[in-house]
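Structure first, commentary second.
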Amino acid sequence: MKKKTEAAHTRIILELIQYNEKEYFSHNDLPVDDLLNKQQADLVNWINLDGLEVNLINKIGGHFSLHSLLLEDITSEHPPKVEEYDDYLFFTLKMLYRIENDKIDYEQISFVLGHNYLLSFQEKEGDMFGSFRERIRLDQGRVRKKKADYLLYRLTDIIVDNYYAVLENIGQQIEQIEEQIYQSPTGQEFRNIQRLKKELIFLRKALYPLRDAMNKLVRDDSGFIDPSNARFFSDVYSHIVHLIDSLDTYKDLTSGLMDIYINTLNTRMNEVMKVLTVISTIFIPLTFIVGVYGMNFEFMPELHWRYSYPIVWGGMALIMAGMIFYFKRKKWF
Amino acid sequence: MKKKTEAAHTRIILELIQYNEKEYFSHNDLPVDDLLNKQQADLVNWINLDGLEVNLINKIGGHFSLHSLLLEDITSEHPPKVEEYDDYLFFTLKMLYRIENDKIDYEQISFVLGHNYLLSFQEKEGDMFGSFRERIRLDQGRVRKKKADYLLYRLTDIIVDNYYAVLENIGQQIEQIEEQIYQSPTGQEFRNIQRLKKELIFLRKALYPLRDAMNKLVRDDSGFIDPSNARFFSDVYSHIVHLIDSLDTYKDLTSGLMDIYINTLNTRMNEVMKVLTVISTIFIPLTFIVGVYGMNFEFMPELHWRYSYPIVWGGMALIMAGMIFYFKRKKWF
Amino acid sequence: MKKKTEAAHTRIILELIQYNEKEYFSHNDLPVDDLLNKQQADLVNWINLDGLEVNLINKIGGHFSLHSLLLEDITSEHPPKVEEYDDYLFFTLKMLYRIENDKIDYEQISFVLGHNYLLSFQEKEGDMFGSFRERIRLDQGRVRKKKADYLLYRLTDIIVDNYYAVLENIGQQIEQIEEQIYQSPTGQEFRNIQRLKKELIFLRKALYPLRDAMNKLVRDDSGFIDPSNARFFSDVYSHIVHLIDSLDTYKDLTSGLMDIYINTLNTRMNEVMKVLTVISTIFIPLTFIVGVYGMNFEFMPELHWRYSYPIVWGGMALIMAGMIFYFKRKKWF
Amino acid sequence: MKKKTEAAHTRIILELIQYNEKEYFSHNDLPVDDLLNKQQADLVNWINLDGLEVNLINKIGGHFSLHSLLLEDITSEHPPKVEEYDDYLFFTLKMLYRIENDKIDYEQISFVLGHNYLLSFQEKEGDMFGSFRERIRLDQGRVRKKKADYLLYRLTDIIVDNYYAVLENIGQQIEQIEEQIYQSPTGQEFRNIQRLKKELIFLRKALYPLRDAMNKLVRDDSGFIDPSNARFFSDVYSHIVHLIDSLDTYKDLTSGLMDIYINTLNTRMNEVMKVLTVISTIFIPLTFIVGVYGMNFEFMPELHWRYSYPIVWGGMALIMAGMIFYFKRKKWF
Amino acid sequence: MKKKTEAAHTRIILELIQYNEKEYFSHNDLPVDDLLNKQQADLVNWINLDGLEVNLINKIGGHFSLHSLLLEDITSEHPPKVEEYDDYLFFTLKMLYRIENDKIDYEQISFVLGHNYLLSFQEKEGDMFGSFRERIRLDQGRVRKKKADYLLYRLTDIIVDNYYAVLENIGQQIEQIEEQIYQSPTGQEFRNIQRLKKELIFLRKALYPLRDAMNKLVRDDSGFIDPSNARFFSDVYSHIVHLIDSLDTYKDLTSGLMDIYINTLNTRMNEVMKVLTVISTIFIPLTFIVGVYGMNFEFMPELHWRYSYPIVWGGMALIMAGMIFYFKRKKWF
């Protein structure tokens, strides 16, 4: 069984935004059938669904004659991809959902681009498009003068832009962990490095296929993307290449962190061993010497000499000094 | 000698399912010759053989004029591949047989797709197609309206779907092992990691060539697969790409497990060494001191002083306290 | 200087086998000139030379107008390759010579395929073709009905088949070594792993270029290989791909063996260190205590108390018990 | 948000250099509008801006009708790339800014090449082009006889040449660190190796995409680069390939440094452990022996023998000698 | 600045060899201008320069109208490459200069192939072409019947042949080091392995681009290489492929050497630790026991028993025997 995307506990929100250079309408509290009927051929119709409710998706799918495999793709988890159908273009990718306490959440977003409409399906309520919706409403920038393909570009650009925030967060974590290790490793760093590695594995899974998908969009000749807009998608593509580049760098840096961590542990362990060695090698022979004069033989002439005791102390002091000198020269401490 | 696939201890089952939009027949207790004669040109004829009995295969091969190299391929083990012949298409892959106690068993399944028939050869009795056979009989879904190529798609889709179960099982094992290592490693984890690695090596051997084979099916222009069905095979292809993607992730995670295991062992060993060092460095000098006053020299003035004994105890307590302070500051325990 | 293939101590054997559907002749005791004159245009002429004797090779080369670079290639060592000349096709590869005590020997074999003849040059006496020669003589199978290109296919197929024996041998060794390591490593395993690694390096050097060479044969359009026989060479090609696949698996398993070996050594060393730590940490403080009461101070009140001795024993027993409890809780033994 | 290039604390300098075979003008203190109006069609117009001041860039962009995406690219950080527009060619890369105390600083430089002008945008004040500006003014070399594309080649060549200095600096550092490790490692070497690794990661990020960009310039057929000048860009390309080659070598050498560092640490630690072992194994048994004769049993006949004491000394000397002989034979010291 | 090739301390030698099937001339003591004037259109003119003296190179460059970039390439260091110009072909590679005490020296050699001349530029005096010059003079082999392109082939073949000597030397060193490590590592082996690694890195830098350059020569269609000679260059190409093959093998073997070295060190260290552990664990408890009976308590009944002393000895012997048995069973020694 393919893994279904997680849909529980998400409020379902269905919204229609329609615009052209002159007009703008927005509906987000209509039943699905009424909302679908509002579609107008001379406007760009953007239908956005938060929460992958199967019945709603099937109704929308029926209205726009979406292929059954496509509907399945919207609700199941899989890598980013672009697929061309006769009457529309399907594009799905991962979108940053939020960063909380160095924990990064993603959701899957799917787009269906037709000639005068764009459908977007998100797993969870809420997205990064809020201020962009405002720009459409207030007719800022170029978007009201352009078609649905430009709308797709703008949304994609916003999504890709947010990956920079993810990478920046990871970059900061790497620096923090490195500093902690050099100062005083607590053992927690190891787990943090492992967590970072998993984040990077996930990002790689999101970005590599996204690059290929975006490349397919750039070279698209199916007519859904106007050639005059190709340069915009090409720009997003080069951002993704840059992101992948940085990702590879962070992967190398994280591997380096492991080296640093292990080296730090080893250095500390070696320090411990050296202390043990120095103390042992100094005192073990001395203990032997005092043991000798603790023997109870009847005939041990030294025991009865007047200056034996200070002489033994002197000898032991000499041995100790010699060893400390030897260790110093060997740079053991 | 090429390795023969394992055929022992398997009950031989030969079954013919025939259908079109209107009719449906099923035979599974006929002698091979009678069964082959039942083939009808206006029906889709699906002949399935469980157990690679050479005589049966040769008889079927004779009836459908199968190439001698193809017959050899059915009974010997090799990686997934697609091969085009003039009158049929040959497709072989590995199929999940069962998962028991985290042990995964596979069997090899080979398909021969002709214009109105599909032959399938399985190593062992029993398969994952039971409920799908019911769907054909009850005329659910599209399958009765389609030809033999669609039947091949459905069977392939079921096989590929089952790999998700394999990967999910492996994913769970990785999480369990990680948790065990962090809690209290018993040494068994190392063997489990090695076992996981072997599972992943096997999966890689099954999936990478399968991807290439499926790609060949998608781009097939020999006429055995109707162009209108290409999108279905393309969907299976993208599932395989997703599986390989996850496989690579699990490979990285398993490597990470080894790092975690080794680091945990090292951390524990270091802890052991620190205890040894602390105890030794504290008591070895003290033992030397008491050894000094165990010497039997005649002339050791301290021995006869009234407060020597408590003074020595005091000195030793000071040394001990100093060392503990030193170790604390070094964060050795 | 390119390395010459080893030719010493090999008996030189020159043999001619001629056949078509109706006739069969075999000569192996003729002088080279007589033997070359026996060649007949309406038969397949297979000349096989065991032992790379330069004069003989030059005579054969002269008779068939072989290029000087080709003659040099026959007698010097190099990777498998296929080269097309105007009047013949040159194909050279490594052939298993024998497996003795897990030691694998290879020899280089070179083929020259003309329109009605096949020349084969082997480094050493004896080969794997004995029973196949019998099949030609007794007219079993298809070979007598086919031309020289099919003969080349059959010989190549036999050579490639023998690599399966090599890989099986290596697979068994891997399993044996793994078992030995888990039971009781003797240090010999390390050398065996290194030896296996070298075997795999050699195999890789033999098989990767062989795959490319065979691919060249499959796609050959020079006319030396009949298109109807291309599928046979294609089958050999897919066997080589399978071999390489298995080779990669064995490489991974051998790397895994190193991990297992090192981990086993470490685990054993850790066990040793733990015993040292436990014994030392228990007895070093106790030895200190008994040392205290071995001091010879005049004024040590405990020495004269009635129950000092059993009390000290009791105290030491308590310390010992406490430590053992501590170690047990830490799971050190 | 894409990361903006750092622009603070940089003095803004805008400069125009105009020339052809006969004339030469230079302006660097004009307001931007006046300076832009000085542009002449029959001269090569090189406008260089130090400091990425957005208003200035927008004014220049307006004058030359630069695309909004291009203007964004000038002020944001990203990997080297070449982009063709209808009326100009965009080329951006990293340029060495300075090397101080083994710390290497880079800045981003962007070029816009039109048919009779070249715009260059640098992050920081000051560059490596000083002596080249002199050569233009004094009409040395070929540059005054050539067009703007040759000017771009010369600037690119100077930039790429400076990477050799970077690599030479890194090569020297590698040698220094290796020497230090072999002589007496202080722990600082580890951090230096890590720093070098980061430098190499940065260089890789600068050079790999630069190679691809330069390759695009070499094969450019948009007409901005005269075919007769292609060989010059091709030469720069081959320098970049050489640089990458050296980069890979340095990467391998740096990895080697880590091996050397770790091996040196281990060797020193092993030496420490051997001293501990030798001292311990010699004196622990001796201490036991003297302990035996320190026992206070009433009935210990040896205690009363005349020559016990020298005999015990003799025995201990023998044991010591035996052990030293054993260790010597084992080559432990 | 690109690195200049090292030219100091080399005697400058300029030599012209001219030949065709009938005639042969040789000049090596003429001033450069006279020598250049001796060039004849109906002869193959081979001008060889030892020592990269810039003035001489510029004069030769002027005479043959060599491109300024080409002249720069002759005197600066860079990877092997082939470049086509309108009137000549440029080919540069690294050539073995000598092997002394396992130290391998190379020099850069550059060829310029025109229609009836070949120029060769070497860094240092002396080369591997001595006996080949004799063969030309004495008209042995084919060279006098062929043109300048065949001369280039012969020189290239000699250069590539000498790499076999380099690899053989490296192969012998690997075997020697391995044997030394297994017998008794002295620490020197580690440095030797590092040195070998650097040699292999250098060779890789010389051979990989050489393969690409040679491939370009083989497929050359500029007319400087006669198609009938392509097979000769193709033969050199396959030698380079073989060399690279062997190089990769040696790289793997050298990595294996590191494993062997580290494993041997670890095994020896473990042996040391085991001795320490065995001695310590045996004697530490015994020392405790004798310490007990060295205590000076007034009331220790055992001290006055008749057979205490032999009983204690017996007890200690039992403990010792038990421990030795335990260690033996654990296979610690």
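Worth pointing out:
The chains carry the letters A, B, C, D and E, assigned in the order they are written, with residues numbered from 1 in each.
Here is the rule we go by: a contact is a pair of C-beta atoms (placed from the backbone, for glycine too) under 8 Å apart; a residue touches a chain by one contact, two chains touch by 3 or more.
Everything numeric here is computed off the predicted structure, so don't read it as measured data.
One inter-chain figure worth recording: subunit B and subunit D are separated by 43 Å, centre to centre, where each centre is the mean of the chain's CA atoms. In whole angstrom, the spacing between the mean C-alpha positions of subunit A and subunit B is 26.
Counting partner chains per residue, subunit E has residues 273, 276, 280, 284, 287, 291, 294-296, 300 touching two or more of them.
If touching chains are joined by edges, the resulting network of the protein chains shown is one closed cycle, each chain touching exactly two neighbours.
Starting from subunit A and moving next to subunit D, the ring of contacting chains follows the order A, D, E, C, B.
Residue ranges of subunit B in contact with subunit A, taken from their complex: 161, 164-165, 168, 231-232, 235, 238-239, 241-242, 245, 249, 252-253, 256, 259-260, 263, 266-267, 270, 273-274, 276-277, 280-281, 284-285, 287-288, 291-292, 294-300, 330-332. Of all the residues in subunit C, the ones that touch subunit E in their complex are 1-3, 67, 69, 78-79, 81, 184, 187, 190, 194, 197-198, 201, 205, 209, 258, 262, 265, 269, 271-273, 275-276, 279-280, 283-284, 286-287, 290-291, 293-296, 300, 302-309, 312.
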